[in-house]
Amino acid sequence: MTISIYLSGEIHTGWRDDIIQGCEAAGLDMRFSAPVTDHDASDDCGVRILGGEPDKFWHDNKGARLNAIRTRKGIADADIVVVRFGDRYKQWNAAFDAGMAAALGKSIIVLHGPEHQHALKEVDAAALAVAETPQQVVQILTYVERGTLPG
Amino acid sequence: MTISIYLSGEIHTGWRDDIIQGCEAAGLDMRFSAPVTDHDASDDCGVRILGGEPDKFWHDNKGARLNAIRTRKGIADADIVVVRFGDRYKQWNAAFDAGMAAALGKSIIVLHGPEHQHALKEVDAAALAVAETPQQVVQILTYVERGTLPG
Amino acid sequence: MTISIYLSGEIHTGWRDDIIQGCEAAGLDMRFSAPVTDHDASDDCGVRILGGEPDKFWHDNKGARLNAIRTRKGIADADIVVVRFGDRYKQWNAAFDAGMAAALGKSIIVLHGPEHQHALKEVDAAALAVAETPQQVVQILTYVERGTLPG
Amino acid sequence: MTISIYLSGEIHTGWRDDIIQGCEAAGLDMRFSAPVTDHDASDDCGVRILGGEPDKFWHDNKGARLNAIRTRKGIADADIVVVRFGDRYKQWNAAFDAGMAAALGKSIIVLHGPEHQHALKEVDAAALAVAETPQQVVQILTYVERGTLPG
Amino acid sequence: MTISIYLSGEIHTGWRDDIIQGCEAAGLDMRFSAPVTDHDASDDCGVRILGGEPDKFWHDNKGARLNAIRTRKGIADADIVVVRFGDRYKQWNAAFDAGMAAALGKSIIVLHGPEHQHALKEVDAAALAVAETPQQVVQILTYVERGTLPG
Amino acid sequence: MTISIYLSGEIHTGWRDDIIQGCEAAGLDMRFSAPVTDHDASDDCGVRILGGEPDKFWHDNKGARLNAIRTRKGIADADIVVVRFGDRYKQWNAAFDAGMAAALGKSIIVLHGPEHQHALKEVDAAALAVAETPQQVVQILTYVERGTLPG
Amino acid sequence: MTISIYLSGEIHTGWRDDIIQGCEAAGLDMRFSAPVTDHDASDDCGVRILGGEPDKFWHDNKGARLNAIRTRKGIADADIVVVRFGDRYKQWNAAFDAGMAAALGKSIIVLHGPEHQHALKEVDAAALAVAETPQQVVQILTYVERGTLPG
Amino acid sequence: MTISIYLSGEIHTGWRDDIIQGCEAAGLDMRFSAPVTDHDASDDCGVRILGGEPDKFWHDNKGARLNAIRTRKGIADADIVVVRFGDRYKQWNAAFDAGMAAALGKSIIVLHGPEHQHALKEVDAAALAVAETPQQVVQILTYVERGTLPG
């Protein structure tokens, strides 16, 4: 039983690699997908491929639409959506992904530090787990697949 | 043809009243719903009704779940979801509502100032309109119902 | 905004009346439905209408199917499903209704005493509120409709 | 045509192994999934991974949510859900799973002794088969795959 | 709680009137719909409105499609679909309606004499009640609405 | 049984009025909706309300999105979608509406002259009726509601 | 692109083998499923596995429910449902399968002789093709996969 | 993560090959499907397999229905639907496919020259990208799979 996981949210720290490598080290049968994590490519993909826009709104709109092709497939195909909220930026796209995941009936794991607890209460209330570290997410996935707990 | 509209997001300014009164002044056949906008009641509803929690996480969790009863009915019943992002707070719940609305195929109107344009590009890209003022939202709703434009 | 509520579960105490009368006293705009609460009629409806069965299994099966016509409409039409677990009987039908409600995306309120807390943990985990008294349910419904809390 | 089967319910007897081994002995092409059947791990998984809770309700809630990640994928991916009711405990989670399976349109096989017949009449009425032994379940699965009956 | 009922199948006896009048006499809050029961109009509607067809297949096809506009709305809007099999004709359209109703999750009541029992076993197995007389259907609907049984 | 009808397609002839007035004259219980049929308003609504765009693509995009709020509600609420193809313009939006209606399971009536027969074969193949005149549509709707045919 | 096909209906002639062998001879990439075609096993499976029933109704009901496990998976997994109506029996189960397939949006091919044309008009009207011979079905499947027509 | 792509629309130029070969040259993991692109076979498939029709309407209808078997599977299985509008014909089937894809929540890429910009504004408004060349589509697919942009 391969489990499909979409890793949504923050793109400026290595949390995705921590989870993926932790699962590989444990020998789990997980398939991961994620948004494009190259910030510049993600911002400029629309105009680079489809032609420049003088107005920043349309520059961003073109890019956000292209990114949505990948994001929506990732969420639609996932059994579990892990949404990470970090320290920088507004990260409204992460909360937007969580809302989509909730409406689609996906299992949601939210990953954030205690400083965001109050502001994320609606997102956390839609989740099946609220973790603080990638290691906890690996432990959750290990338990979901095998039923074993950390020693 | 009554149109149902859910007014999601910021609760500290009078934008909802501006829209509702504008639509009433125009004689439109709109039915509005919204989250509880009393900030203290919204934060404390869970513990006030179901019993106190020493841990802030569960205090918030109980409240967020109660609020979800109202929020989800509002979104589920809506033809149009207007999502307002203001100047204060993280407002992740607004983006979460927008994600739910998008996954449910609702028509989304986003309402925010130009300072949030880049950070909201994924939310805006899922919308059918991006407005800056409640008056524009009233004009949109007037056009949707009657096909008439501002003079 | 009329809210539709299905009152599932225990049929041997007056908890449904407590909720309905509490909501009426508060002037709320709620529409209630419920299973047939006449225990004998509920057990015998199948054979009374469609003909007797010598085998108890089919006696019960005929009745359970007739009751399902009412139960499923009640759940399907509901915004909120309140599921009450009392002191007597196995009440597997109540848990079954809760599972249906969860899969259909209904808002679930579970109503039970603390003695059932551990045994109901999976049902409670799917709920938006876990209450101990009908009065709390009335307070929840008051808050959901009006945003006001008990004084 | 691989058939996917989720084995829900009682975790204190070897009925799952009886079914799985019976299908293997018959050479059937079935893929099985099940909840975590280690009772202690299942009860404590939430607090062991995500941190302890002084309140038993939240201790259980955290665990039940983690278990739901596995349970819901198992049910969602299944063609057939077998739900076993045994002699001990309230087993409301088994009836809850049956309700989810019914709402999702899964084929349900209920497995229980005659002593539970009346109490399970609503669950049985939603099933395509009601069996008393794991061997009958193996015979059903053999028939579903191959169209052959026990000699 | 108005209950919507679609009366599918045989069009050559007065069973629909028996049910409708029985429900009216009992004061039930039911809303009925049905296919066009004028056999000639039903056969010829397509060519009468949209132009003649020399080939009987297309004559019938045009008519069956027009009738489907009414039939599908009737089934889609129904809480309960009553399907009557009588003594004449193949009545494949009745079984087809039952299949649609089953796939859409409607509550199905089948109405037929004992002579069709074996041939209708698959349809009966998808039903929540199998009745032999319109009076039984009225009794079922009375029970579903009020919880009362025939005296 | 009120029937809801969305009148999609050509906006330069009076076919909508012909159908609506024909149904009113016949006393039918139909509820009609339609896109905005003021060509200039429909083209310019986006920029008139939300601000001008120097690039024609975005000018049109803003308008098409606003119009989609009305169009999608009309189609979503409809039992029947009538799609009219006239003599002028590409009318790709009409075919697009027909595709949406087909995927949503709506009953489709296509209205066009014989000169478009070959080019519309895929759209016609998804329809329950293909008519040439508004009068035929009125006759269809009369038959669907009442089961009566033109004299 | 493997295409999944469910072969529903008549079980007393070799039409399924004709189609399967024709597709194999043509080298098509099709995956077939079908009901149990051993008439006796199909009739008696319920009582043979789950225990005898003195009442023929329940004898048949038990069997029809077991068969539904296989039938519903076959239809649910299919891209195309071929429904064959032959010369014997009422074959209401074939029409029931066709109704389920239609409601689930499956592509339907009906296979029957001209003598059943009028009686099957509603089923045919829901189909994408009406064939008279298994060879035509093989030609259809060849065209669907490869776009080539018989020489 | 294999991505499934349906290539809808114009069948008289080599744009499909340009995209497929471009993706192969880039080593992308894409799976393509498309309608039958042999114009004559597509027009005549119905009558060639199922028998001739003297009336052109039914000749076309039979063919369009057969083609729908392939088209609907292609769209239903796709993650992304690319819709190409060329210079010839009405191409209402392309717009119809786009409408189906939109209603099914598929990611849509529209491919057309600037001369069709105004007429396609409703289709473009439902798309996540509007491209002018097959090379841009290859670049989009490369970005969606790998996150890399053209050099």
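As written, the chain order gives the labels A, B, C, D, E, F, G and H, with residue 1 at the start of each chain.
The working rule: contacts are C-beta pairs under 8 Å (C-beta built on N, C-alpha and C of every residue); 3 or more make two chains touch, one makes a residue touch a chain.
Everything quoted here is computed from the prediction, not taken from an experiment.
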Minimum number of chain-to-chain touching steps separating subunit C from subunit F: 2
Does the subunit E and subunit F pair touch with the same residues on each side or with different residues, judged by whether over half of the numbers are shared? different
Per the centroid of Cα atoms for each chain, what is the distance between subunit A and subunit F, given in Å? 41
Cα centre of subunit A to Cα centre of subunit E, whole Å, reads 49
Chain centre separation in whole Å, for subunit D relative to subunit C (CA means): 24
Interface hub residues of subunit C, defined as touching at least two other chains: 65, 68, 105, 130
Of all residues in subunit A, those that touch subunit H in their complex: 31, 33, 36-38, 41-42, 44-46, 48-50, 62, 65-66, 68-70, 72-73, 77
With touch defined as at the start, can you tell me which subunit C residues reach subunit B in the complex? 1, 3, 79-80, 105, 107, 109, 127-131, 136, 139-140, 143-144, 147-150
In the complex, subunit H touches subunit F at residues 56-57, 60-61, 63-65, 67-68, 71, 85, 89-104, 116-126, 130
